[in-house]
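Here's a structure for you.
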Amino acid sequence: MTLAIDAFTILCVCGGLFFFLTGAIALLRFPDTLTRLHALTKADSLGLGLIVLGLLPQCDGFLAAAKLILIWAIAQLGGATLSQLIARIAAIENSKP
Amino acid sequence: MNDAALALSTFAYGPQTLAAALGAPLVLMLACASARLRRFGPAYLVVAPLFALAACVLASDSGPLVLDQMIYPIVLVLDPPGALLLGVTSLLWLAAGIFAASSMRDETESGAFVAFWLATLVGNIGVFMAADVASFYLFFALVSLPAYGLIVAQARMADSAGGLYVSVALLGEAFLILAFALLASATPDHSLLISDGVDALPASPWRDATIGLLIAGFGTKIGLLPLHVWMPSTYRAAPVAAAAVLSGGAVNAGVIGLVRFFPWGHAVPVWGEALVVLGMSAAFYGVAIGLTQRNPKTMLAYSSISQMGLVAATLGAGLVAGNKGAAAGAALYAAHHGLAKGGLFLAVGVLSGCGTLRMRRLTPFVGLLALSLAGLPFSGGVIAKLAIKQPLGDGLLGALSTLSAIATTLLMLHFLRRVAALAEPRVSNPGWALITPMFAMIAASIMAPTAYYFAIENHRLVSLDAALFWESLWPILVGALIAAAARRWLERLPALPEGDVGAFAARPFGLFARGGAAADRGEIILRRWPVAAGALMVVAIMISGMGVLKP
Amino acid sequence: MNAVTLAGLAGAALIGMGLFGLVTHSHILRKIVAFNVIGSGVFLLFGAVARRGAASGLNADPVPQALVITGIVVAFSATALAVALLLRYFKEVGSPFLADDPGAGASQPDHERP
Amino acid sequence: MTLSFGFDLSLAVLTLAVAGYAIGARESFASVVAFISYGVLLALVWVRLSAVDVALTEAAIGSGVTGALLIGAAAKVGEGAVDAPRSVRGAGRLLTALFCIATTLGIATAFLSLPEKAPTLAPLAAEHLPSTGLGNPVTAVLLSYRAIDTLLESVVLVFAVVGVWTFASDRDWGGRPESPGKDRPEQPLTFLGQILPPLGILVGVHLVWTGATEPGGAFQGGTVLAAAWILVMAAGLRKPPSIEGAWLRFALIGGPALFLGVGVAGFALAKAFLAYPEGHSKAFILVIEAALTFSIAIALGLLALGAPGRKGHP
Amino acid sequence: MIASTLSQLSMRAEDALLPVAIALPVGAMLLALCLGGRWTERIAVAFMPIGVSIAGAVAYVVWRDQRPLVYFIGGWAPPLGVAIRADGVAAAMLLTSALIASAAGLFACDVFRVKPGEKENRAHLGFWTLLLAIWAALNCVFVGWDLFSIYVGLEMLTFAAVPLVCLKGQKETFVAAMRYLLFALLGSVLYLLGATLVYAAYGSLDIGILAQKIQPEAAAWIALGAMTAGLLAKTALFPLHIWLPPAHAGAAPPASAILSALVVKGSFFVVVRLWLTLAPVQMSEAPAELLAILGSVAIFAGSVLALRQERLKLMIAYSTVAQIGYLFLMFPLAIGQHPWASAAWSGGALQAISHAFAKAAMFLSAGLIVDVVGHDRLSGLRGLGRLAPQPVLIFALAGMSLMGLPPSGGFNAKWLLMSASVQSGHWALALVMAVGGLLTAAYLYRVIAPALAPAENAPAESASTPTPKASSRGAALSLALALAAILLGFAPPELASLLAVGAPAATIERIE
């Protein structure tokens, strides 16, 4: 049974890593801020979600799991607000001649 | 005369009078700080030296005064040469004080001058009493540094003279502190008493260095040859009263220093001969340059260099033979010189204010005083020459001493002619308050050495002895003859710059300025941040690297 | 070569890097960053020393760790002071670079006699 | 074993690389951003060195508040004139590099030459831990064994605040420091400003409370509270406080003053300065930590805000 | 094992004076900051007598029992806890900094004033809180016996001193303050690096314990090297002095008096602790020679640069650079159990103390001169003796002590150091001291000579525009400081026996 849990964890974490990798490559390759922003937020939130999901069965006890999810929630909140702000500034930058 | 002096000296409160002699001018100096008391300044100048005069009579060789509440105990004691020089110096300070007080009544800004005058007086009195190294150094500093205030008091362009004076004085201080450190370190328990220091000197590992530094340090005070450059410009720039006390009193601080710090019981031929050579060359060099000068005060300065050269030669001869008599003789000679030179400076002050008529009446007295320097019979000079005859002996040094008498006569007559030329028809003649101090000095220069020579040295009354009379007269006659014969030739001598060698001493300052500019450029480079931070790392690496040198 | 010596060497390397940055950059903010890097390097060294001192049940020596916490707070107040001074310096001097020679000497300008 | 060492090695290399970029970056803004990420990586290294307290402090203060401060400064100060001398060139640079390498090698040799059996105070600390009534040895050292260092450190924070305030110009005195955010903050920021601070306060208090037994403590908790306060001001929900406010001044010195008071009371209660009475030390320590946390939060907030700006700032 | 031997040391009631000496100024500073407004000045002035009496009590107890005061903070014995210790020199420095901080503070009552209208102003609050802060920091550094608490004390000193430099708010003072802060921070980070390595090698930060354990090996050398370099940067010894002149000259007179007289002494004192108390003799011989060489270079460079300055306060600041060089001459002389070591130790301490008094008096009198004359150009000081006689007298008295002329404390110190250098055969040091005194006289002469010279312009000029009278309180205070420097020349033997307490040469077993 533990083998299945471990396999599940490894699988999810590798998936998460894969999304982080794509996010990083997107950051380097995409031309302007808006597209980069788009790629980053998507890839990173998904990647982090998968990693947290993968680690949930490993942690000992409900409290630790709740903390992991709390971390994920805060990261999402922060990421969303930040991308909004950067997008607004990028929009102002582009609208200028 | 003997028993009176003896009775006085067993006076119970001897040491306390020493404290009074020092305390009076000190208290009066502090009184100058408050504006209200400063108005009586001129009066202080007269009152202050009186206590010292009393002390030199009452407290001579009575018990020492010890103040041991300090880190170093301060010990004050008055031995015979100290008492003689103290008496003579305080007499001079009294006369000059009266002269300065009267000539200063009109000036409003006298407060600072009085304060500096009293500070120098404290130093001058204390230097004769100090029996331990720390207080000697304190009084020696007090006699040389505040004098700067006296020098620059009036003359506008006195700054350069004052500057030269202070730098040489500080050089002397530096030599002395090194010498005293060596002296004290040689004594077994690092005691600060001069007597212990001198006793331990012959056996000390740094004997030569100590004596050399002592000669250099006190040499700056008595104007030994290479260090005499400050004297001419200082005495010319200083007001007459100040010049009198500096040339007559402050110089004696150097003499008492040499007398106190030399190991008389032990022959030191090397330094003795050096001192003799320096002294004798100064004796003739001073006269040679003096003859070329125009200003009477500068001529008196060169006469001081010459006379002090003679004193140094006497001390040198004493050092070579290791006989104590030389110290007493040199002290007596210096005492007489102090009175005569002080009187002459006061005379210059008086005569420069005289009308032609009054000048003609005063010149003979001034002439008497001037020639007493050359050993005029019936004057103090002959006693002084007699005192140094024994240490110098009859050989080469004796001959040189009589030769210097001739030279001094030559210089003095030239000086008298210059002073006489000063007079112009003037309606107001200087008041009696200026003339009496001069006459007091003339009288003192005759009476004091004689009284001392016979009362203390208890020799028989010999001044009327025909041989001595003739022996001291012929050099003066020869000198007068040469002066008359070579009168025109002397007039045409080129006027050398005042400080003679001193004028060329200014060159190293240029070097100093260039060094300064280089330091500035270095500072600008060092100020750059990377260089400073780099220096910090270098220091860290250097200290940590020291471990590598010795594991 | 275990994790602790690795941390110690990393600390030493950080100190070297930070010193280089502090000395060569003339932009004051870069100097402040470099100073913080040196500080963290020294603390990392102290942390490695703490880890080496693990004994009797504790997996690290608590004393150096407490000192590192104190050090970080002190380093932060130094940075805060430096940044505040930089902002006022920038307002006065106009450039964020450390001037090489502080003018003709910073001292009392001539203000008229009252 | 090699796997965990491999992780450590890669973490160390990554940290050094980011630190190198922070030092060598062309623009100062990029250098500051790199410094913040370096700070977070360093927190990971501290966790690997099993110093969780220090990891928390490094993440919170070392890269968090310091990062906020530096980014604010980088924005205001900018890159400076284009033609200005950026850094030392040529020979000077090489020489400095040599010195720095020598310093690093020196420290490395010193570190490697340390005695095998490392001298440590851990046994002593563990032995006296029960008498302090605390579980976390680091907090025991901070607040009991070496209490003077912590007291002086909190006083240093107050010095720094005074120093920062004196850099204001005279006419600005009594005003408020500039608000970290813009005048009309965007809507999402205000939303974040309403959601996150309550959570921040909760986490901060929790950190202080667990500090007695688990890693945590006054400084870490205080920093989280300060972050919450800065976020509220950035979101425009609260104006920065006027520096003449009596309450602000009292809050600023409250923690250290209480700590000092308890220390002096130690003379009477526990026969030594900064000693706690037998058996009650944990209670005293928690009271001190609570007060300290509040004052540290205020102090860190004020330091992040900087010198007071224009008087009567709207 | 070590802990047990130490805890038997009976902690007497008087030992409690040490923590009180730290706690009270910190408490006063916090209270002053909290109440603000005019209260800061009132609290600071009220604290002054208390601070001086505590320092006096510490000095008295140390002198009476001839034994250093030791106190374990929180009751914890050293290796784990922090000990603070005051030996003779530390007690003397405590008293000196208390007196000078009070005098400078009272002098500042006229300089930093809350104007009638306003409740509080920046410079006023800043000065008074920072004064108390510096006082607390100095007390921590002087009684520190643990390397890390000394580090925190040094940081407190820097954070309180830097804002003091630019309190007046002129442009160049901010440049000077920035350079000072960056250099001091570099110094303290190096010091911390050294402390780390010492702890790594010997497992303790207590100076007493380390003194027994430290051996000349790689870690110890690099640690002491880094710490010394850091401290030299904070003390501004010659090659590392760039930040000092603009910082000390630019600050307000009372501020520069405190900076020059006290702040640089804090880090110097720690260097003395490192090399004369902590490091074993065979380790400290070579570095001591290096420190003396750096000190001699500092004397010459500082004096030559002081001669080149055009402004009075900059000249005094460069004079500080030179006089700091003097302090470092004591190191090669005070090492080991030689007979002259204790003389050199008290000579060095006396030099630090008399320089503190003299330099504080000089900066304060320079402040008075600038108030009267309106500028501080050296060229414009002719005839100053008439306009401002008292400040010139104070300047001259302070100058006497700096030059080492009798009867000043400076002379005593120079005398002790010189006889120690002669006996120990360090001829160069004796020569450096003598020539240093000459150079000091040279650059002070540039101020005193024109001041004494009769002014060219007719006295009428001063009658028309009523020259501002130097504040009598300021003059009285600076005169008191200058007289203190002079009276040290007549210091009673008790001072010598106080300074000898806990001197390394005197104590046989190092721990006590």
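In this document, chain identifiers A, B, C, D and E correspond to the written order of the chains, with residue numbering beginning at 1 in each.
Assume contacts are C-beta pairs under 8 Å (C-beta built on N, C-alpha and C of every residue); 3 or more make two chains touch, one makes a residue touch a chain.
Every value quoted in this text rests on a predicted model; they were computed, and no experiment measured them.
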Clusters that remain linked by touching, chain D excluded = A | B, C, E
Identify the chain pair joined by the greatest number of C-beta pairs in contact.
-> C-D
Top of the farthest list for chain D, CA-centroid basis, is B
Taking each chain's centre as the mean of its CA atoms, the one lying farthest from the centre of chain C is chain B
With centres defined as CA means, the chain nearest the overall centre is E
Roughly how many whole angstrom separate the Cα centroids of chain C and chain D?
-> 13
Centre-of-Cα separation between chain E and chain B, whole angstrom | 41
When the centre of a chain is set as the mean of its C-alpha atoms, what distance in Å lies between chain B and chain C?
-> 62
Per the C-alpha means, the centres of chain A and chain C lie apart by a whole-Å value of 33
Specify, in ascending order, the residues of chain E that touch 2 or more different other chains.
-> 80, 148, 152, 155, 159, 162-163, 166, 179, 182, 186, 193, 197, 200, 203, 217-218, 222
Note: chain C residues in touch with at least two other chains are 15, 19, 22-24, 26, 28, 45, 49, 52-53, 63, 67, 70, 74, 77-78, 81, 85-86, 88, 98, 102
Okay, what are all the chain pairs that touch?
-> A-D, B-C, B-D, B-E, C-D, C-E, D-E
Enumerate the contact residues on chain B facing chain C in the complex.
-> 524, 527-530, 533-534, 537
What residues of chain B sit close enough to touch chain E in their complex?
-> 69-71, 109, 112, 134-135, 137-138, 141, 145, 148-149, 152-154, 156, 158-159, 162-163, 166-167, 170-171, 173-175, 177-178, 181-182, 184-185, 190, 206, 515-516, 519-520, 522-523, 526-527, 529, 532-533, 535-551
In the complex, the residues of chain E that touch chain B are 179, 182-183, 186-187, 190, 216-218, 220-222, 224-226, 228-230, 232-233, 239-240, 242, 286-287, 290, 294, 301, 304-305, 307-308, 385-386, 389, 404-407, 411-412, 414-415, 418-419, 422-423, 430-431, 434-435, 437-438, 441-442, 445, 449, 452-454, 456, 490-493, 495-496
In the complex, chain A touches chain D at residues 74, 77-78, 80-81, 84-85, 88
Can you list the residues on chain D that touch chain A in the complex?
-> 186, 188-189, 191-192, 195-196, 199
